[in-house]
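So, here come the structures, one by one.
What follows is a pair of complexes built around chain A, which joins chain B in one and chain C in the other.
Up next, the complex of A and B:
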């Protein structure tokens, strides 16, 4: 019955403590260098003015409530753009997910990388970039906005759907295949019923995100409330800009609340 | 015996008729909505059908191939560093602000449920409700052009994005351990550091990395409204209709975003 030797906490050894602090110090130095480089050197401090000026500009943004009714139509437009963009994305996501799901893709070396590539391209390009390209191709208005949102959202929808398909139970799929059904039928009757609830939940989530995205498309000519916002900012009507910000915030928060409610009910 | 079967069959038929009715009504409602919304949005139908030609010409002739020589200039490389710097600083400062906010905004351990809880929730909701690009425009109006406004916009976006996720993690913790710390007579700050933080730390680090990834994605276009970073050159090249060089910038943005996503994915998987 010897008493166990008291072992020191290995994490308290000087070598480890030194290494930990060294990592923190290097990270801090890196961050400070980045901060000096990006913020201190690149900012026009002269033009910013004093703290009082900054405060007075900030106060200019206090909302002008009389302007509020005028934002209703653009807000409705934004909502419709989000709705249409999501609808198109949902439709386009089905074939892409079919290509990008490893277990049902027609060809693992040709169609699978194609589907994955489309997903990566759609997910890593910002909606503003898509909107710019569509605006310069088809002109101003809600149409390029809808197209941009659709193309932007396909990636997420197809990715989550493909993952759901990959996780689908193989039993029903094999059963349908055993009846001699061709691939499209196998997909429709073996896969779709299994992934449908997940798909709908993700579509609602995507709609919620797209409301937020749709509100900035107007900055580059994609229609919706963003266009009005860009206009009032250019005319230096900051009070109106404040009103629009309040309107967008209300819409986005309401959208998030409703979409959470519906999703909790479905899943 | 026979009548029972017939009853079941009739019930099935009427159910099916009902379902078909509903499908029909839904389809009709959708069509009415579609016509109405196209009218509200003033979308010219003839342009929808004719847009694929110009779109294809745009991609095949004007955008492709991207001009990568333009992108290799030192000024672009410097602005890539600036973009990364903005995203790192914005998410770092934002995270430092949002960690206490997430603590306040978690109902189960909030130190003051009737003052700090609603306050923290309101801050997070407002930061979340306004899109990042719009924050950037507002902050550019206040602080002037440059990466300071962009960094602050990313900081705000971090508060909104990470705040909700971090608070959700805190609300899911095991309260027994919190109660155990509280039973020793520890004050709220000590309860947070010894009862809450050890439980959520692993998932918080994952969220922090994920947040950086998300903010980096946003930072690439902030230059569009003059808030610093790579977006400035994109706007510049597009406004003079230099599509090949603009496509070069877009290519760089896409590559950087894929890279950041890969890094964040790798780091998060190494953690768990």
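Up next, the complex of A and C:
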């Protein structure tokens, strides 16, 4: 038997191990040190009061169950804002994905960067900022909320769809081209069936996220339960705020449960 | 003049790989021509240059008097409708049913709205059912294409190509994804459907025995060049060995 050229365990060289732990230690020390300047010094410890005071303020948030029925309508409105926002996003995402998929985009230097640019724009801006923008454009209410969610969600939907198109197997596309079909049919038969399950799965996932997003849009005038939340907080009705939190949580959990079931059935 | 006349066909891929170097082939009506060569010898490129799934850089492909290489896109699509293609990896649409896959062969001549709603004409559906019967997949027509075995999938591929009512069959390594027994069944089927439809068939293979058993003529390709072109009956073992660089 010949002697191996490598001595020791090449996966665990002491020098590399030492460097790895040194980096972790320095990073941890840095975070702790910065924490002293931000958290410790920037907190108003005087106002926080004693542990008992903290506990009693927290208890103020215990839900007021009598208020619960009043949250139903705003919760329904929130759900509808999410549903409409997602639907519009799903529709708008199709042309954007078409532009942003490298293998089918009409022009690699014009339409491709345009599609990618729209995706980045949509994904890099917070929904609250979009909501503020649309509230000033079209006024208060659910409409600017729907618009904010739609614009915010297009990026994710278009990005994942474009990637699914890029990863589609070229075989069926080639086969349909070989039949002499028009490009529309090549796309519809060669690409769409391959992308469809991913697209539907992501649309449901996006709806799930948008239910959460819709619940805070009201804070800036975008309609839904968030508006009620802002109102009761201003009136210092912490018990009602607690009720709203319970309502939102229930809705989100229900939404997740239902969307999981739909996703499992479709895919 | 032959039905298909390929003259000086050349293709160099952007990677710099010269896949075809001035290949000439003439195919007569009802002739089965085996294109024999190693992987990378240019067989697939040759077939795809004929219907321009791969754009050739030189030479001409004259099919029934029309130079395919000179056609604009709409005319090319029309020409492709007469060329049925069958693939090594079957290239079926997995999520559609067997029957829909067969019908997709008619997409070239189907109105857009019918295609969008998969509302194919009754005559096309009848024809697709007959073809399913012919290739032996009638029991499977409602199944999704991805639920079929390899041999059955290739039968769907054959039915889809026949759906075009092709005037030539371009067949790319039809048995390479199948085991030898199923492969022979598929070759038997291809041979008989080509004879029934009275159309010529160009079939690429890398198996000498398949080439000998199923063709009227064998064209040998090596590194993108045609190195022989003979009647199958008169092909000598020596010229076949040359393809595989077996010293004799």
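Things to note:
Heads up, the rule we're going with is that the second predicted complex is superposed on the first by the 232 of 267 C-alpha atoms of A that agree within 3 Å, B and C clash if a C-alpha of one lies under 4 Å from a C-alpha of the other, contacts with A are read in each partner's own complex, and residues count from 1 in each chain.
Quick note on the criterion: a contact is a pair of C-beta atoms (placed from the backbone, for glycine too) under 8 Å apart; a residue touches a chain by one contact, two chains touch by 3 or more.
Just so you know, these numbers come straight off a predicted model, no measurement behind them.
After overlaying the two complexes on the shared chain, residue contacts for A:241 are found with chain B alone; chain C is out of touch. More residues of chain A are touched by B (comparison of chain B with chain C).
In the superposed model, A:185 makes contact with chain C only, not with chain B.
By the document's definition of touching, of the two partners only chain B reaches A:229; chain C does not. In the overlay built on the shared chain, the residue A:174 is in contact with chain C alone; chain B does not reach it. In the superposed model, A:212 lies in contact with chain B only, and not with chain C. Of the two partner chains placed around the shared chain by superposition, chain C is the only one that A:194 touches, whereas chain B remains out of contact. Here chain A touches chain C in the complex through residues 171-172, 174-182, 184-185, 188-190, 193-194, 196-197, going by the rule given at the top. Only residues 31, 34-35, 37-39, 42-44, 47-48, 54, 57-58, 61, 76-77, 80-81, 83-84, 120-121, 124-126, 128-129, 132-134, 136-139, 141-143, 146-147, 212-213, 215-216, 219-220, 223, 226, 229-230, 233, 238, 241, 245, 248-250, 252-253, 256 of chain A touch chain B when the two sit together in their complex. Within the complex formed with chain A, the residues of chain B that make contact are 37, 40-44, 47-48, 51, 54-55, 58-59, 63, 81-82, 84-86, 88-89, 92, 125-126, 128-131, 133-134, 137-138, 141-148, 151, 217-218, 220-221, 224-225, 228, 234, 238, 243, 250, 253-254, 257-258, 261. Taken in their complex, chain C has these residues touching chain A: 51, 53, 76-83, 85, 87, 89-96, 104-110, 112, 115-116, 157, 160, 164.
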